[in-house]
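Order as written gives the chain letters A, B, C and D; numbering starts at 1 within each chain.
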Amino acid sequence: MQKNRLEAFTDAIVPIIMTVLVLELGMPKTSTWQGFWAMREQLLAYAISFFLLAIVWGNHHHMFQLVQTINGLVIWANTILLFFLSFVPFATEIVNDDPNSLFSSQLYTLLFICINLAWNFLRVSLLRANRHHQVLVAALAHEPKSLITLAAFVGVFLLTFVWHEFGMIGTFLVMMLWIMPYKRIEEAMKRL
Amino acid sequence: MQKNRLEAFTDAIVPIIMTVLVLELGMPKTSTWQGFWAMREQLLAYAISFFLLAIVWGNHHHMFQLVQTINGLVIWANTILLFFLSFVPFATEIVNDDPNSLFSSQLYTLLFICINLAWNFLRVSLLRANRHHQVLVAALAHEPKSLITLAAFVGVFLLTFVWHEFGMIGTFLVMMLWIMPYKRIEEAMKRL
Amino acid sequence: MQKNRLEAFTDAIVPIIMTVLVLELGMPKTSTWQGFWAMREQLLAYAISFFLLAIVWGNHHHMFQLVQTINGLVIWANTILLFFLSFVPFATEIVNDDPNSLFSSQLYTLLFICINLAWNFLRVSLLRANRHHQVLVAALAHEPKSLITLAAFVGVFLLTFVWHEFGMIGTFLVMMLWIMPYKRIEEAMKRL
Amino acid sequence: MQKNRLEAFTDAIVPIIMTVLVLELGMPKTSTWQGFWAMREQLLAYAISFFLLAIVWGNHHHMFQLVQTINGLVIWANTILLFFLSFVPFATEIVNDDPNSLFSSQLYTLLFICINLAWNFLRVSLLRANRHHQVLVAALAHEPKSLITLAAFVGVFLLTFVWHEFGMIGTFLVMMLWIMPYKRIEEAMKRL
């Protein structure tokens, strides 16, 4: 099965999720720079969620460049990833509603743990569907970064019990690991 | 006529409908895990509608891989399918508003009966437009699953009179029939 | 210049406009079939606007299949068309807010007059950009249907002074002329 | 790396931003032409933001036609551009909320200064990624229009201290420089 419509579907849904974020930005209480400054936490949360979604998309884009074929399992793994991504605006709004609560901080971190797990399910399903494609297997089979990320997210989650506001910032810091998409993929693609 | 823009149109509208769903998720009443837990029915309804839309898209994706040519009738059949799909967020919101009402349960089931009928209209119009394409005709002409689905939906609808909340769950159970897209299509594609 | 990104842009914006419509559907006042029935005018207005946008998209899809090249003027003509299309949810909401007012009826008709004019500007700009492409020139140069449509819209507009509610229904009836996309285009394409 | 998915991503996000604008259009206070006329400033602001986004997209479309290859830096530069573009509906709503305030006027201008800077970052990153592609280098390396635009935006920003309402109109006037996409690109493409 060809991958192009699955890419198109993803390339439609991620931008919509990113733009839904902006619908939840309220208005400054007074139409002044002071009013705007008072929104700084909300704008920061918006920026963080926007860029985290962009990071996930960028890595998706890279990973799929190696993909030769997909199957039903890949479609479902991708749908589960998109499902968790679709909760990012919801979790961002909850953080904005009460940035100091333990709950909002943990929900945000937990959401990215789910995104990480869905990502790995997608990676494994791609490995199975392309098991005869040696370049993809070499690039995706042993992926320590995903495990390190998962451990780091769990660390952030535990730290929120001590420092309630840490959830979103900690998640952002962990995701910096992914800001430069898989180098191994870029190298693998040169070999193609 | 070529199918690629019709696919692009569908691949834009279904993701938007799926993401509109998340706009209708309210906020937890208190910023605590208890408040989140109190939203569990709403989150479940969101998840069900999200995955049912993904199932329809996945099957659409499979069916159109066999398609060679489209015409005006196919465009209209596809539009009618998209029209009913666009009501899924509306029906989901009604279920969330009053999950125990007979009305919301029946509306949700009735909507999927309409989606089922529109799907079959699309299938038949594709058969007519591609009548000389034997692989597609073999894969789509005799389709007992659609009729079984329709009968099952009617059964769910009747059961709601006894068990008011059954509409959404029953619809979800029936749609499990479609979670693995047409096997005959995958087999047919191997023959291409 | 190639047409594919302009098509992609249009294929993104029209579905979003169509789905924005559903965001404006309110909820039934009571969670009963009676409450649903009381929304019938609103649901009808939704259906009409959804299908009119689909008709415009279907004709756009047909017309662009003949197009070989585009230029800056075509991009602007297309943008103006999309601009007026983006007002359809706004005008639909105004009709729903007060279906019996002369204003809402006339606004809806006037909007489709603007859409008709923008369509013809797009058609003419495509003729200029593809003036050496004889099949397109033959199919698009003499287009009485556009003029008949314009005259009919003006008639609908004048009739609203007598029958206030006629605007949306009259617009819908006129647009039935466009439900089957340009036959001349389908015939022209067979000659390609 | 291929550019097509980056184009698809951009072609999804810009239309959504443009359509989000219409969600923020309120309703006329009375369902009359007088009520509609009272919205004229709001409708003008909507039209300006819609067309400015269309201008940016049109130039993006032109610039990318020359692009042969992209890399991680280009993806990030493009994401930053999209990030600032996503604030256009927010800034438009603030202008509509209080059109006479110095703040709203300056915010709108400042946003387009950020968009201009992001555009130039994207341009430079494309130059680096395609440094062996002489036609692109010739068309994009020396770009006085961007600097003139930046200077003009700063001028508009300073003028708002004297004439509070000038921000949006001044931004619109400056962007008229970009209404016809890079001529040098169209000429460069003829040489390809």
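Please note the rule applied: a residue touches a chain if its C-beta (ideal position, glycine included) is under 8 Å from a C-beta of that chain, and two chains touch if they have at least 3 such contacts.
This structure is a prediction, so every number in the text was calculated from the model and none was measured.
Q: At what distance in angstrom does the C-alpha mean of chain C lie from that of chain A?
A: Computed value for the inter-centroid distance: 37 Å.
Q: So what's the Cα centroid distance for chain B and chain C, whole Å?
A: 26
Q: Which chain C residues sit where two or more other chains touch them?
A: 8, 12, 16, 23
Q: Chain contact topology under the given definition, line, ring, star, complete or other?
A: Chain contacts: single closed ring, each chain with exactly two partners.
Q: Taking the top-of-page definition of touch, could you list the pairs of chains it picks out?
A: A-B, A-D, B-C, C-D
Q: List the residues on chain A that touch chain B in their complex, please.
A: Chain A reaches chain B through residues 1-2, 5-6, 8-9, 12-13, 16-17, 20, 23, 71-72, 75-76, 79, 82-83, 86-87, 89-90, 93-94, 97-98, 101, 103-104, 106-107.
Q: Help me check something: in the complex, which residues belonging to chain C touch chain B?
A: 7-8, 11-12, 14-16, 18-19, 21-23, 25, 27-28, 31-33, 35-36, 47, 50-51, 54, 57-58, 61-62, 64-65, 179-181, 186, 189
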